[in-house]
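I've put the structures underneath this note.
In what follows, subunit A forms one complex with subunit B and a second complex with subunit C.
== the complex of A and B ==
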């Protein structure tokens, strides 16, 4: 089935959603991201892989300007979403982040009820006209994040009372609820058991119909399973970027190959 | 030895014991190492632990005996000596306390006479008030006495001297014996298998428990003493008047109205005004400093705020009396000459004056506590909110403040208990008139100021007018304790909810 997807993808080239050119990120004096240029397509899952500390999260945070909240971080270069330069002075980062959702590496539910956690974004952006609509949005988001069945009877319980994996799915539901065009997921499955992982992967595959999804993962299998494109980062460089199948079968760069083989065994 | 018995003897003794402890440490440690022929891996614990064990056994029991002895001995000696003084002497000399201080002075005089060689030990012990002029003799060597020494007092002083000296000697012997026994015990027990590390651990734990229980006992002692004096008060004064009466009018000729209600009203009214000033300003300042201010602004604004916290409250009191009070009078008083052309306020002291100034005093308190609490909210929560497209102020209102709320409520309640217990500002700024009124421009008075005024000047600790201070103090204590408990309860409740 997967082969079908890939071949289908091969025949119909998709429009570019995110175009990055020569992106550099500095944390104070540390040069964390060097000359990254990449085109991320719409309605595609793109996986970022690479050893710890190579700059995957850093690049992800460039795409929704979360690096703005870090005092010492400095970003140069050019990132366009739908052709619009997101680092332009006229772009409101708040607006941008409504369009580019993010699931963080560590689950960070708000100290509010499960319901309020999911309703947070829709409320801020005025997405529901009444309570019933909001209820709908919350239910749909929780279902997509494969959490609905576990929490439907205790929507008013605090989100911080859930288990680690449930919290992570709550954060996914929270991000999905605002209907972003791009979803950035930083190791969304690192705290999940295989069943929940499979559910989240299903969700990612489903999201691909409408959104462009970028997922950071340390699991080669996961990257191979869910993504159509893969980017390999190493020491702040984007070493190789291409079709997932190709990266995992015939990588061009020796560093990619040794990383993949080292991991896969 | 004679010198040792004098005032410095306890210190010298303590030093000797510490010296013994150091010696015990070194010798025991050496012995341990020697016992395994230098191969310390065969020891159960590191060699130093054997040393610590010895030092602990030498120093701790003996020093504790000294401490307890020094506290108990004067009481015992005094009780024994008082029996020697007939009641007539006490009647003339006005009180037992005064006579006893005479006795101590004479005893000290005799001590220094002996020390300077003006008298022999036997002479001092056999001195007779009838035969010699003790006052003149002591004056020669520089000990001035207020009156001629009477026979019983001299006898008591001599008894006091001998008892004190024997007591001190006994203390030294006991303490040294204990130290040496500890030394011997530790030294003999030391061998490779002895678990010195565990023993030292237990010893340290015991010392820590001792420190903690001393702190707790002190608190209990303070509360008990307040409680007993309050009970004395309620024997002399009707509790219904104290808690339910409507007026406060102490009258040192007796038959006073001593009701806490007008004072409580003043206290609460002023505290509420103070909190109304301090909480919004302090909280907003904290939000600005922790969320918006750049690190440069922060680096000078925070210390400046903290300087405000370091100003002594008496200075705030002066500020209230000399600046804020007259300023308020200018606005709300003076009839035609005033800024508003009204005559609502006559004197500088008022509830509003004290409340405003106390509020200013509490701003840094509220802001620095809230600042810490807001900073403790994990950055990941802010990131999560920003990541969903929330603005900074939405994030603060909906995520940061709710997460910080229990801590902030705790800070506000702590500020409230400071406001309730604050004294100097209200002494100078609030006035001295006890009344229950809703007008913030009138002078009122508080519990703390009344405690001060009931205990200053001539006080007689048998009259309800003085003892009421303890009942007031106890009520204040219960009030602030209640607030603190409530603060803890709220904090815990929110914790359970969100952690």
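== the complex of A and C ==
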């Protein structure tokens, strides 16, 4: 039995990055998330699927404490990253978010240049000592986001002038530039066309080498394509969690089966 | 079995219902056009009235005369010591002026029975003082002869502008028909006529007897210093308050009450702020009466709600996705506000501030209570401190002051003052529009 991690959920040899136990989320009087316990592995893509309003985005936003910005939201339970309770009083959410990057549903580049979009995070975290180092970080991040070749000649052009798919990859570059350990993606492809979606999916697969990626998606095909683990949420409950192959072929819970065969949701 | 839908009839013929809808739509458009036309008409009438009545103030009648600046009168000791020259009062200059006019009358050959004293009455009571100021500024001119533009009496000015007629002066003891004959002769000679009146824009107020010398300049400086105070206080306080309320403050009943009160404050009559200023700044804190500093403080109180409301509106209009993006890469709340939200809201904040300033610039009522209205013929201040602390007026207060004086010549000046004030307001609003255009961002 490892320290801080309850071993009964340990089913795989990969190290556990995020361990959640009995997480409850309330928005005012609404009980949005009920008793969620899950272990998310390192260097793995974990997909959260489920019908709208099932709590999958809510849970994602718990992992980097973005729910803190909503006044009426209240989170209880225990979420640990590398064994450290992220809701501990000593944890500064700002520091946490440097470790847990996030990509949002709608591409939201800053209305600044492409360069400044990517350089913003490294700048505020003091990751570069000089301009050359910052240039390197920006280049590496844009390359990781598979955007470098498209924008290397116009780094000073506004980020908002890119196409939707490019903007989303810019947001991914911005998120990876700060060298997070976990990358949260909240329906990153829902505003993109099929070609841009394919590019981003390919990218997610590559990001797995360096990050633990958690992705919320409405598309079961997408979950099946990019993830190794899948969690199915329904009405605030985590119904089923396991290997993606198993969830999509032989789900244990009848609700999961109904959802993936299109009967609910 | 489903019932077949009834045929809708030909599309080429409008049915009754469509006709009715179209009619009501065109009626509504008509109401709108009518409303706008009424508004435009009123605006045209207003502008026409202001310009037609006020334009005269920008022209003034001057009599150009060669004048002998006799050294034995102006500088008895002949050593050009400025302190000694200053001892010669305007009464020392009046005879020179009078002599110059007599010489002109003789030279042109105008026949008149007027005594020299009565002839000189066509000139302004301020003319001698202006000559003295000119000599004090250029003492080297003493002993020479030069052409000087003497300001004429407001009645003469009114005669040239059509305000005073030979019929209307029957009971006027300031001017008589013979003096007007002299004026006509001087006009024919070309030495008397209307010229652009720079003194109206740069000069100070003048007493009741010399409306021709009154100007807006010093009141403009007073307004400028008040705006300086308002800008220096209301902008930082207003923006800081809005950022805190909008981005940091918890949403609870206390902030709700504050919010409601700020909105209420914006609707408080400005005279209330005036009496507050009188009570707090003058009676309690013993700041000087009539000082632009006090005026500025009072107007700051008045402008704050406007700035806070517009700043909060522009902060609200920044999409939350930008805040999420900043927080998502690990920016602190403050970094997300100051690096992203505030720059995006800046055009709106600037616009709101300029509109607030423009509103404060035109405000009169609170100034009445702190004594910034009345006959304040001070000289332009020589330093920022004296600009803030010495008694002064403000543009709208100066207009009010002129409008209530008896002499109709002041009436023209009040309208002229309104033109100057409007030019300032339009300029400020134009700057606000330009800033908005220039910095507006899309996302």
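Here is the rule we use: the second predicted complex is superposed on the first by the 247 of 265 C-alpha atoms of A that agree within 3 Å, B and C clash if a C-alpha of one lies under 4 Å from a C-alpha of the other, contacts with A are read in each partner's own complex, and residues count from 1 in each chain.
Methods note: contacts are C-beta pairs under 8 Å (C-beta built on N, C-alpha and C of every residue); 3 or more make two chains touch, one makes a residue touch a chain.
Model, not experiment: these values are computed from the prediction.
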**OP:** In the superposition on subunit A, see if there is space for subunit B and subunit C together, and answer fit or clash.
**Re:** clash
**OP:** For A:49, select first, second, both or neither according to whether it touches subunit B, subunit C, the two together, or no partner.
**Re:** neither
Subject >> First (subunit B), second (subunit C), both or neither touched by A:175 >> reply: both
**OP:** Across the two complexes, find the residues of subunit A that touch subunit B and also touch subunit C.
**Re:** 64, 66, 69, 71, 94-95, 97-99, 101-102, 104, 106, 108-111, 120-121, 124-125, 160, 171, 174-175, 178
Original post:
In their shared complex, at which residues does subunit A touch subunit C?
Top reply: 64, 66, 69, 71, 94-95, 97-99, 101-104, 106, 108-111, 120-121, 124-125, 160, 171, 174-175, 177-178
**OP:** Using the touch rule from the top, collect the residues of subunit B that touch subunit A in their complex.
**Re:** 295, 378, 380-391, 394, 398-399, 402-403, 497-499
Original post:
Touching subunit A in the complex: which residues of subunit C?
Top reply: 250-251, 319, 321-333, 335, 339-340, 344, 441-443
Original post:
So in the complex, which bits of subunit A are touching subunit B?
Top reply: 64, 66, 69, 71, 94-99, 101-102, 104, 106, 108-112, 120-121, 124-125, 158, 160, 171, 174-175, 178
